[in-house]
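Encoded as structure tokens, here's the structure I'll be asking about.
First chain written, first letter: the chains are A, B, C, D, E, F and G, and each begins at residue 1.
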Amino acid sequence: MAGESAHAIDLTGVMVEASLQPADYLIVAPVVIPILFGALHLMLRNRSVNHGAMAIIGMGLLVLATFGLLQRVMDTGPVTMTMGRWLPPFGISFSVDTAGALLAFTSAVIALGGAVYATATATALEARYGFFPFFMLMMAGVSGAFLTGDIFNLYVWFEVLLISSFGMIVLGSDQRQLDGTMKYAFLNLVATTMFLVATGLLYGMLGTLNMADIWQKLNGAEEVRGPVMTIATLYFLAFAMKAAAFPLNFWLPASYHTPKYLVSALFAGLLTKVGVYALLRVSLMLFADQREMLALFIAWVAALTMLIGVLGALAQREVRRVLGYLVISGIGTMLAGLAIGTQTAIAGVLVYAVHSMIVMAALYLAAGIMARLSGTADMAGSGGLYAASPMLAGAFLILAFSVSGLPPTSGFWGKFVLVKSALEVGAWWLAFVILLSGLLTTVAIFRVWIFAFWRGGPEGTPDGAEAWTINPLGEKFRLHASLTLGVLTLMTLGLGLAPETLLSAAADGARGLLYPLSYIGSAFGGVGQ
Amino acid sequence: MIIEVVAGILVIVGAFFALVAAVGLIRLPDVYSRMHAASKAGTVGSGLMMIALAVISADGSTAIRALAGLLFFILTAPIAAHLLARAAYKVGYPLWSGSVADEMSLHDPAEK
Amino acid sequence: MDTTAFLELAIQIAMVLLTLSFFITCYRVVVGPTLPDRVMALDMLVGVVIGFIAVVGVKTGYYLYVDIAIALGLVGFLATVAFARFVLERGMSEGDRETGERNVGERKAGAK
Amino acid sequence: MNILLINLLLMLAWGAMTGSFSEINLFFGFVLGFFAIWLIREQLGTGGYFGRATRILLLFLLFLKELALSAFRVALLVLQPKMKTSPGIFAFPLTVDRDFEIALLANLITLTPGTLSVDVSTDRKFLYVHAIDCSDIEGAKADIAQGFERRILEAFR
Amino acid sequence: MNTVIFRTAAPYLTALMVVFSIFILLRGHNDPGGGFIGGLIAASAFAIYGIANGVAPVRRALYFHPITLAGFGLFLAALAGIPSLFAGVPFLTGLWTFPRVFGVELALSTPMVFDIGVYFVVVGAITAIALTLEERHES
Amino acid sequence: MIDVNPTIFFLLSPFLAALLSPPLVRLMGASAAWLLALVPAAIFVQLASYVPQVAEGEAFTMGLSWAPSLGVNLSYYLDGLSLVFALLISGIGTLIILYAGGYLKGHKEHGRFIGFLFLFMGSMIGVVTADNLIALFIYWELTSITSFLLIGFDHDRMASRRAAIQALVVTGGGGLALLAGVVVLNLATGMNELSLILNSGDTLRESPFYLLIFWLVVAGAFTKSAQFPFHFWLPNAMEAPTPVSAYLHSATMVKAGVYLLMRMNPVLGDTPIWETILPVFGTATLLVGTLLAVRQTDLKLMLAYTTVASLGLLVMLTGFGSEKAVEAAVYYLFAHALFKGALFMVAGLIDHESGTRDICKLGGLRKAMPITFAAAALAALSMAGLPPFVGFMAKEEIYAAIAKGDAWPAAITVLTVIGNALMLVIAAAVAILPFLGKPVETPKHAHEGPPLLWIGPLTLATIGLASAILSGTTNHFVISPMSSAVAGSEVHAHAAIALHLGLPLLLSVVTIALGVLLYWQLPKLRFAMARSLRNIGWGPDHGFDQFMSGLVTLSASITRIIQNGRLEGYMTTVFLVFGVAIWFSLYNYGELPDLPQFVAPTFYEAGIIMLALLGLAAVIYAHDRLTAIVSLGIQGFSVAVIFILFGAPDLAFTQFMVETLSVVILALVMTRLTLDKTDHRPFGEKSFDITVASIAGSGFAVLMLAVLQVPFDPRLSEFFSAYSRVVAHGRNIVNVIIVDFRGLDTLGEIAVVMIAGLGIIALIRIKGRQPRSEAEG
Amino acid sequence: MEVYLALLVGCFFIVSIYLLLSKYVIRILLGVAILGNAVNLLIFTSGRLTREVPPIIPEALQVPAEVTANPLPQALILTAIVISFSFFAFLLVLGYRSFQDLNTDDTDNMRFAEPVDQPPPPQGY
């Protein structure tokens, strides 16, 4: 009955004609599932429903869907669903390649962990005032951003995840949160608005919004007259700001240490990476030539971001603020890969992105447990955690090695590939900065280790320092937190010990980003064509 | 066509009243007096222009909607003026010094 | 004179008058001097816009603009209500008290 | 009774707005009107309405006349080269005492020449009216009492 | 606001505007309007109702918490994309049916359901905002 | 391609043992050590089975595929060099596991400790046996990590923590240089496997990358092997429990650097820079190490500094690279692993039993601890370079190499003699002072330790004697194959205890004489060293503290400037960046628009535009914020009217509603705020803001003009117009786009609306608080 | 006409950015509101202008009879307006809450997340 009409109209080249299989809905499921669940959460907000369990189910489905999607993309290459049957470039389509699916899957896994953690930590008040809907819709935004093939639609998903993140970051409204949210919100709004401005101008120039179509126009036979370079620059800056690259990174250190630890973890794990992904998608696929011209500039931004980030981390007392700056430093590392721009480098960026998502989320969760145990976020004011919680210490240690880029963790592979690619193109200094920032990261994170974990113990400290008080953890919290943290930690370790799957997926993703012909083909072929 | 003439006249008269209201806004001495201009001349002005639209459309449903809209303005304009004048008075915005009476201050000394 | 041409002319005249009204009303919004003055002027501005929409409707023959006018009347009303309640809750602002007294003088000066 | 009337009015309003008075559309309008009334059910009292249509219509015509006159007077006033005004607020003693009537009267007063309802006293005995020309307060009061207020009483009592 | 004039008129205005908003919603597919504008009008109506008569009557009138309505709207809108799954077409494909009821041809479609979802979201969210802010004043 | 071989399992087995250690120790207590020691013993035995073939010059490769897409494999290469190293590591490892079993008996974290030791053992075996360079680097970093954990084992003490992070920073940092070196090596040769690269020395030396590779590899090796000026971390690492010192910091880990240099000798050696840098730094390290050792009274520190010195000696010899020098280096390495491991264990044993390691507080233990004394004496004699110990043979080989004129004669010779003499002094001090003389009261009442503790040192010391006596066997199975591997060509070692008449013997005699003389003057010497160190005042160790503290301070200052906490500053930077970038790009890439043509608009269009401008001006000039809010309405309505004039009724509709609602909620919210009347800001600040705003704003306008000069492609809009009604059944094209063509955008959009509503409710309803307690997490 | 609107858009941007650079939350919010309008006008103009003909197909026709205004930017702006309104509302209430709890609308004085007197990072080990 669809599309039936009294008039006989030739729809060839307008609508997808062939029918599609239910399995093709995997392409859109990562967005629809969290939207439906988020709406359900809201509809049932006053019911005595177990919101945590619902969230776990929702995120579990999300993981399954993204996993299925990743499998499919790795098997068959990029897949596309044209919403409403309107063929590109007229309708909106989701075009998924390995890069997008890989990141969507990783974020779904982290989100599932987050849901498990939240089940033990979200208060009744937080559940009532929208923690779970925020969380769900944020995931819809994240997934949408990874999957969409339409530049304006990308903007919409950015906004969805942004407003949800506002809700999450300010939930609880303590004074620090309010101040942090002010800065987070205004600056992020500016960034997203710049993205929209660039998109409006791009539309004015090319008359299209579908990314595959944009690619065709920009890489077509006819040379595009118009300010392509400037628009590319605008996109670059807007996404660099979303990703928290220097000198547009202010919002991150100003806010990431203020909300619930879980929220920080999700933000650090997911949000900046969406910016990185958008940067990759836009600057590698759409503006490949322009990226080439901007490469040196990007390299400078990358180097400064790495160094400013890690120096910032060294300047902190609060564990979460250390981590916030390490997130920035990691962004710089990924930007370095973008500056290099070879297939190896982009694969390195993807590996590093997946690694960073897992590790930063896990580190923030670990910081949350640390804060609960020692009753303070100040590393100078805590200690004795090594004795108090060997499991936490072990997890933190592995994560610390991982964030420093040391083997045998996932962090090593990302850095290694990036260093390799930098040296391959002769960017000695960039390789040096990557390595130097790695070393300084080691110092920064192990300062935390030394102060909070190794220093002293409750049973007496030869240094003459006081013994640290350790607060007991609730049984439920301990279970959920160690489950989440444990799984994430094992993931970084597992990816370090058995990296080949990730490496080859990343290589595939990089190939797709740099040589998007199959993406383009899929976009215009559509599912079921 | 007669409709066009009627519409033309309505449009001009309506716009004239709008202008009158605007001038009244400038010339009248205090906020209370200015409200007279805004609520009466303003409503009549825009109302006439809506009627012009109703007339020219020569379409029943459009005309009825235009008139319904007019009714809506007539309903809301006085309430808006009342609320604003009342609020201004209650919080102490003074009448123009040339005002000749203020029986409200005698009866209801600015209560909240 | 052709009636269509007359309508055209009428519309042109109305546009001129309305444009003038816009500016005059805006003048009141900008100079105040008091908050109720500005609010009232904003309310008036909505009225002028409604008229403008009606005239555009007449001019272009797109009568669908009538619904916009209705909705605008509604939200304009809402804005005025909100400001009235704002004035009521907040009382006179510091600045208004000064300007009010300087310009208008004692409130009951003319009261009998 | 009252509720049904309002409901029918809303139905007609629907028909007017959609521009279609087909049965199905009116029925839908009735349902919508029912819903809309349901929303404000608390504010609805009871009362009779039939037989007053004529008087209401008269009231409405009077009002239209006054409104036109009013706009014209404002025009005259503001377009005078030298404005002579003696504004002020007077207290109009109310005879009507039902909410609906007070509201109607106040609105009618606002839309008519030279007067603007500012407030109703807390004891609801007075309506405070701002007048552009306050030179003859008693006359103005009498005008209102004999004009709108009387017609309202006729129409709704 | 404690004024008899406003308090008396506001409910009628509200009812009128809600009806108008639904009209705007339903005709949106063919003329200016649609779920978003309709929703805004309805929300404005409830805001006026709330300012005039207090928040409690509005809440009682709506029965459901407005934000719940918004959730329902989003649910409905997302759900409107799902039937296409069973039709073997992509997400959010418009499905139309033209039944005749009492001799009038009705155009029912998933885009209409979608637009109704939009309407509910906007009504719910904006009303929730307005009422919450307004409640703040009353307390 | 890759040979999967059971030996791989043996090489990886320590990691498994590491996982098993904690539960096993919890289950069985200290006696678990006997069981666990079987693991390294098994490795030793398995590896030993390769010895005969390797001695015949064969080499073995084997491995597993790991990350093939990066060319990283878990591949192994067993030749003379790696095999001897691996045998030392597993052999000494066996003894150390036993020793650790006794040493930490009853310690709360005993199991964890042994686990760490196993982790280290696995990593170290990996370093020396890895064929794949990346794998080598990974193992290399793993040794740094595990040694960090072991040094910091007594984490309650600040000195331990400091030493641990110091070691991590220095060796980890050097490791990163090595990583770069390894990658560049791969770039230069296209190979990752050592077994292949070893044949490409000539191309490599010609390669433009040579110098870079050299420095990167040397940086890795020097930091790891504590070469001057990176020597400071090693003595500090003595904060670790003694089994660690004995294992890591004498026998194995610190030799990883030496291993690397030896490994690379065939490909990187034989160049002027190699033969300059290595001997210079090696000699300097030898001297610094021995001089600093003299100054110490702590047994472990004395040994540690001599370890530094020995490493210097090894690097120096490797640098010479001649056949003889290589042979000497190999001999010395072998000897050193045996005697130093033994002496460290002795030191630990003394400490364990008597409660102190300070030689000034020790004396006359020979009766109480006879076995220990025996082990100490045997090892010390080897260290002192006296016959008939393997240490003596090593020293003879060194002097032989020097005497052969392979080295720069005079200076190096003199320095080496001095160094060796001082080494003798320390050996004597370690073996004599605690045991001979009058018994001294010690914190604990000393008596002989349990077998777990003395088996190790005694075994090693005995082997030191045995391998010298059986020098033929040693030469055939150990020294020759290893030397061949290092030299890159076949070397036949002939060393024997028999005295070489000639210069080497003379030098030995001088060394011994000098040593005895210095030992006699030891207290004076120590005092002099202490005084001159005080006079120098600054050393790299102190420098490390300054570096760390300076790094933190510098970071804090930079961060305070950049992240200054002021939203205004952040915003200003952001817009400045955007504005400058746009103008720069427009200008630099020739994208500035042509001068536009101004066609007169209709008067009411002009009027509305002016009205919008007026509204904007009104917002800016508003003397307070309320006026600004009311004025906001003007520009909003103007925009709506513009939408009407250009055929966008839906937009106008929405714009009116939204603009009004914005003003309404602004007013609702503002009701409760009492704000400063105006925002006074100095003129300078305002004009700066205006400048920034103008740069950015005008940039957008000009960019837009440039866009508008491109011919527009209306394909999409034409499509929508054509199909809106016929397919999507809607006449309002905009609405059809919203609910059908681009319905997904709308789905996201309403999600935003809903969330905004929810967020606002949460904001208002949740009562504000002081910062939440961290216990809430 | 596009040229004039482009220049107007520039003015919108200048004013909006100027307000965003202010210290005071309310003024920043005004900047946000104007920024939204600036962007909407930008998109609107980028899709090129057509006078007075809305993209609505007359009842009697299947496709528009004449060239209509470009509907796509209108749809995009509609989405953008709604989104920017939602953000504006949220930010407004956020500012309000901040004012209540932090007792200032001067962002320079809102130093709770990044306090002025942050203690220096710990030294030592």
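Rule of thumb we're sticking to: a contact is a pair of C-beta atoms (placed from the backbone, for glycine too) under 8 Å apart; a residue touches a chain by one contact, two chains touch by 3 or more.
Just so we're clear, the structure is a prediction, and the values are computed from it rather than from any experiment.
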{"item": "Intersection of contact partners for subunit C and subunit G", "value": "E, F"}
{"item": "Pair sharing more residue contacts (C-beta pairs) when E-F is set against A-E", "value": "E-F"}
{"item": "Chain centre separation in whole Å, for subunit D relative to subunit B (CA means)", "value": "14"}
{"item": "Subunit B and subunit G, separation of their C-alpha mean positions in angstrom", "value": "33"}
{"item": "Geometric centre distance via CA averages, subunit C-subunit B, whole Å", "value": "9"}
{"item": "Sequence positions of subunit B contacting 2 or more other chains", "value": "16, 21, 23, 29-30, 35, 43, 45, 59, 62, 65, 68, 72, 75-77, 79, 81-83, 85-86, 90, 95-96, 98-102, 105"}
{"item": "Shared interface positions of subunit C, touching two or more other chains", "value": "15, 18, 39, 56, 62, 64-65, 67-68, 70-71, 74-75, 77-78, 81-85, 88-90, 110-111"}
{"item": "Of all residues in subunit F, the ones touching two or more other chains", "value": "158, 161, 165, 548, 552, 555-556, 563, 565, 567, 571, 575, 645, 649-650, 653-654, 657-658, 660-661, 664-665, 668-672, 700, 704, 707-708, 712, 714, 716, 720, 726, 729, 731-732, 734, 738, 740-747, 749-761, 763-765, 768, 771"}
{"item": "Subunit A to subunit E touching residues, read off their complex", "value": "1-5, 16, 19-22, 24-25, 28, 32, 35-36, 38-43, 45-46, 81-85, 133, 527"}
{"item": "Interface residues, subunit B side, partner subunit E - complex", "value": "72, 75-76, 79, 82-83, 86"}
{"item": "Touching residues on subunit C, where the partner in the complex is subunit E", "value": "64, 67-68, 70-71, 74-75, 77-78, 81-82, 84-85, 88-89"}
{"item": "Complex contacts: residues of subunit C adjacent to subunit B", "value": "3-4, 6-7, 9-11, 13-15, 17-18, 20-21, 24-25, 27-28, 34, 36-37, 39-41, 43-44, 47-48, 50-51, 54-55, 57-58, 63, 65-67, 69-70, 73-74, 77, 80-81, 83-85, 87-88, 90-92, 96-97, 100-101, 104-112"}
{"item": "Parts of subunit E lying in touch with subunit C, wherever the complex brings them together", "value": "1, 6, 17, 20, 24, 31-33, 37, 40-41, 44-45, 47-48, 51-52, 137"}
